[in-house]
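Each of the next two complexes has chain A plus one more chain, namely chain B in the first and chain C in the second.
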Partner chain A sequence: MGSLIQQIINGLSLGSVYALIAVGYSLVYSVLLFSNFAHGGFLVIGGYICYYALLKGGANIWVASLAALIGSGLSAVAVERMAYKPIRERTSVTLYMLIASMGMSIVIENIFVVTIGGRFRALPPVIPMRTVNILGVASTSASDLLSLAAAVVFLVGLQLFLSKTKWGLAIRAASYNLRIAGLMGVNVNMLISLVFFVAGLLAAIGGIFLSARYSLYPQLGVITTKAFVAAVIGGLGSLPGAVVGSLILGLAEMLAAGFLSSQFRDLIVFGLLIITLIVRPTGLFGKSVGEKV
Partner chain B sequence: MNEETAYYEPLQQQRPLLSVKNLSVNYGAIKALKGVSLDVNSGEIVAVIGANGAGKSTLMTAIMGDIRRSGGQILLNGLPLPERSYQVVSAGVSLSPEGRKLFAPLTVYENLEMGAFPLKDKNEIREQMSHVYELFPRLEERAGQYAGTLSGGEQQMLAIGRALMAKPSVLLLDEPSLGLAPIIITEIFKELTAINKTLGMTILIVEQNANKALMLSHRAYVLQTGTIVMEGRSKDLLSNPEIEEAYLGGKKHQ
Partner chain C sequence: MGDYAAGIVTLLAVNCIAAMGVSLFTGFTGIFTLGHAGYMAIGAYTSAILIIKCGVPWFLAIIAGGFVAMFFAYLIGLPTLKLVGDYYTIASLGLGEAIRLVIENWNSVTRGARGYPGIPRYTTMPVAVVFLVLLAIGMFFIINSNYGRAFKACRDDYVAASLLGFHTSRYRVLSLAISGFYCGVSGALLAGFMSFIQPVMFDMAKSTELVSIVVFGGLGSMSGCLIGTAILTLVIELFRSISQYRMLIYGLVLVMVMVIRPEGIMGANELNSKTVRHMLSRAKVVARDTVARFALIGFIIGLPLSYCFQPSPVSAISLTEYLRYIPSLLFGSIKSGAPLHSSVAPGAASAVLIVCAISAFLTGIAGYIIKQLKKIDDTHAAQRGM
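Now for the complex of A and B:
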């Protein structure tokens, strides 16, 4: 019983990190209808900014995280301006943006390899890793609980932003029909930049927790494959779907690791993806993409 | 309505509120608009009628800056209208698009809020909202309902209301009768007359339903394969045998 609760907590914690990344994927997808495979790059950028702010800048974790969030958000905006905007202004075929995003993913990864090297780095111990006992039935690391709490705070914050503010409303409208949102007087380029900024910011939080838990290296962004799978299971373009999909995936992975073998983790992840694609291709909360000119 | 046409004639000597000069639009090699010119005076309802594919919707989207113009000029109050959609709306031209194009997963209220996006002042938005609710009380009843669940007529009212929310000086309507039952069309067009009279709203409407559009409007243009082939006072066009033949199905009154 204790180990079940333990695995559930671990699963939720892992799922919450996936959720931060998956929500960014879904947000971009819902507005521009393509999967941004450079998303993992934003996570790595956030991780490195945090690392250098802590180590070279002498900042505390709060300042370093803030710098990472903003830096990653701005890089996401820059990637959009450089790689995607020229494409979407010329054609409505979103496949080209998908291909460009694969290219940008390689570019970002290799910028880090070339400039600071591909070796693994460990964040200074700024995020508490000590073991926390939960009501005597399970124990987990403080960082897991922190990542869960951070994910809840930011996801609730995102939900409030989307439901209560003018630009949040505009993003929801644009995720239904970007062109018509433009006809309502919304500056579409500004809206897309905002969406990328938010996506980059959320990815950076995931990046900080992942590099604290494991280590930081230029290919850390590969983990976004899992978040992408979670977004697909939840239904690409749906934010609640991304969160639910992430939690399902985190739980499935940790329960598999705990009760079967940790070698089954990826098998379970991709098994769930395949089942979803066969049974419900649009995902749990997916919107069917109909006409969109 | 036709008696009033005379009232608007002196206005025509003034500078038109919206003036389209020699507007051309190409889709690749296809010329959708070949030098279209038209004027809309303050307080007028101007109709553009034409068959499918004549370029009516292209004209609307080109004015809105939603597609690139390849030539010509559009003036609002004598000043060039900006080329980007969001600037066009801020400048004072808003569109109720063809096929309504509501934000189906948003509520009626949120759709209206979206229409007011360029407005900064909260009081101004509330005031516009009450104007729209006054015109279409049914929208107020259904404020919390998702736009996608409204009936066709209600959706059209919401599309018009949403466009009015931006407080435009010229309201563009693209095929407001599309896909609606005749009785609903009559209701909608009655509201359009009211919007024009009580709010003094200047309206440019494109319609396939030539009869309704000509009954509603003060002046009209006939668009054929990207060119204006005829223009005049709507009541004159209604009794023009050529128009009757081509657009009114050979009978003047339905």
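Now for the complex of A and C:
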């Protein structure tokens, strides 16, 4: 019983990290309707900024995290300006942006490989790793609880931003129809930059927690594959779907690792994806995107 | 022909077959895929297991590999291709990984992550080339048939296509199944070429490589995809020595192609006499406008560069002396074999020429890119002005 609760807490914490990544990815998808594969790169950029701010800059964890969030957000905006803006101004074919994002993800990964090197790095022990006893029934590491709490704070913050502010309204309008939002006087370029900034920022938090949980290396961005899968399970372009999908995925992965074998955890993830697509193709919360005339 | 050259031609043919499959699905049906290496893996392992465990002749095993991959592609396509959007893309990403994981963990059949050794080397150069020619002819008939036109209709405007009575999702699944067959055959040939297969050979990097080849060659052009495969396979062979920068350049090229010329080398055109004539006339204009000018600059830059990087016998002479030799190096003395200075060997002459040619070529390309970027800016300015 204790180990079950422990695995559930671990699963929720892993799922919440996936949720931070998946929500940013879904946000970009809902506005621009393309899969931004460079999203994993933002996560790695955030992780490395945090690492170097802690190690070389001598900053404390709050300053380092803030630098990572802003740096990752700005690099996301820069990627959008350099690679996607010229394409989206010329054509409406989202396939081209998809391929450009694939290229950007390779570029970001290999910039780190070439300049810093591909070896694994451990984040300095700034996130408490000691075990915490919960009501005497289970024990879990403090970093798991911390990442869960951070994810909740940021997701609630995002929800407030989207529902209460004027820019949030503009983003919601753009996710219905970007073109009409532009006609209604929304500065579309500004809005897309903002969306990328938010996506990069959320990815950086995920990056910091993932590099604390595992370790930091240029290919860490591959983990976003699972966040993409979570977004599809929840329904592409839906933010609540992304959160729910991520939690399901995190739970499934941890329970599989705990009670079956850790070799099965990735298989379970992709099995869930296939089953969801067969049973409910648009995902749990997906808008109906079937063919209609 | 040497063994090395024959190996490269075989590898080229194998890559071309897989690229044709991806081209049909991504270029002609318009759905991005990141999992086609998974179908190659299925083809490779199917044929390897059939040959070693069941003693099936290699020819039948290759065909079987293709059909098994086709069957899996069909199964995957049914639920995912009913939807428009990136559902298949993400599913293919997961699927490619899932196939690899199954192969890695199913030790009793696939021997796991350590790989499957001892496959007979049945893929010689003639075998690969014959398969390539046969499959290319097949592909030619497919894309010029009613089916091919239906695929293109689904790509260009699926709403209009379904209004015309095409069952668009069924055509998408069909296209995926055919491309799965091509990838399966390619994987089976690869197994016979390498004689040792490993799950890592079919990871996401391979899928990315396949799709970027197709994009580079031109979405919607079969000959473009073959040209793209030839160029990229050769470039990868050439740049083996600087492999750590290879992927960086690869990614940059992918982004640049999308920004500057998203239609790839060939666009949606096939290589026939009309496009060749058109391209030649365009090339003439481009050459007159930019490349020639920048090539001249490159030549001027190349001369001092060639002095700095000259082979050792020449390093003793001064720059003025060196410059005096250049005319004689370029005209005549190479042939006559009697250079003015005894230490200026023919090797030095060819080094000068090579460095000049390379820098002229690079600056020519840079000039072309600058010009294209300027053109994009102009179009944007014109659009804003309207």
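Definition applied: the second predicted complex is superposed on the first by the 288 of 293 C-alpha atoms of A that agree within 3 Å, B and C clash if a C-alpha of one lies under 4 Å from a C-alpha of the other, contacts with A are read in each partner's own complex, and residues count from 1 in each chain.
The criterion applied here is as follows: contacts are C-beta pairs under 8 Å (C-beta built on N, C-alpha and C of every residue); 3 or more make two chains touch, one makes a residue touch a chain.
Note that this is a predicted model, so its numbers are computed, not measured.
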Just chain B (first), just chain C (second), both, or neither: which does A:188 touch? first
Per residue count on chain A, the busier partner among chain B and chain C is C
For A:113 in the superposed arrangement: first (chain B), second (chain C), both or neither? second
Between chain B (first) and chain C (second), which, if any, makes contact with A:278: first, second, both or neither? second
Could you say whether A:166 touches chain B, chain C, both of them, or neither, answering first, second, both or neither? first
With the two complexes superposed on chain A, say which partner A:176 touches: chain B (first), chain C (second), both, or neither. first
Looking at A:29 after the superposition, I want to know if it touches chain B, chain C, both of them or none. Which is it: first, second, both, neither? second
Contacts from chain B onto chain A in the complex sit at residues 64, 66, 84-86, 89-90, 94-95, 97, 101, 103-106, 110, 113-115, 117-118, 162, 166
Which positions of chain A touch chain B when the two form their complex? 166, 169-170, 172-173, 176-177, 179-188
Taking the touch rule as given, give the residues of chain A at its contact with chain C in the complex, in rising order. 29, 33-35, 82-83, 86-87, 89-91, 93, 95-100, 102-107, 109-111, 113-114, 222, 225, 228-229, 231-232, 236, 263-264, 266-267, 269-271, 273-274, 277-278, 281-282, 289-291, 293
Once bound in the complex, which stretches of chain C touch chain A? 26, 30, 32, 34, 76, 79-80, 82-87, 89-91, 93-95, 97-98, 101-102, 105, 158-159, 162-163, 168-169, 204, 208, 211-212, 215, 219, 244-245, 247-248, 250-255, 258-259, 262, 376, 379-380, 383
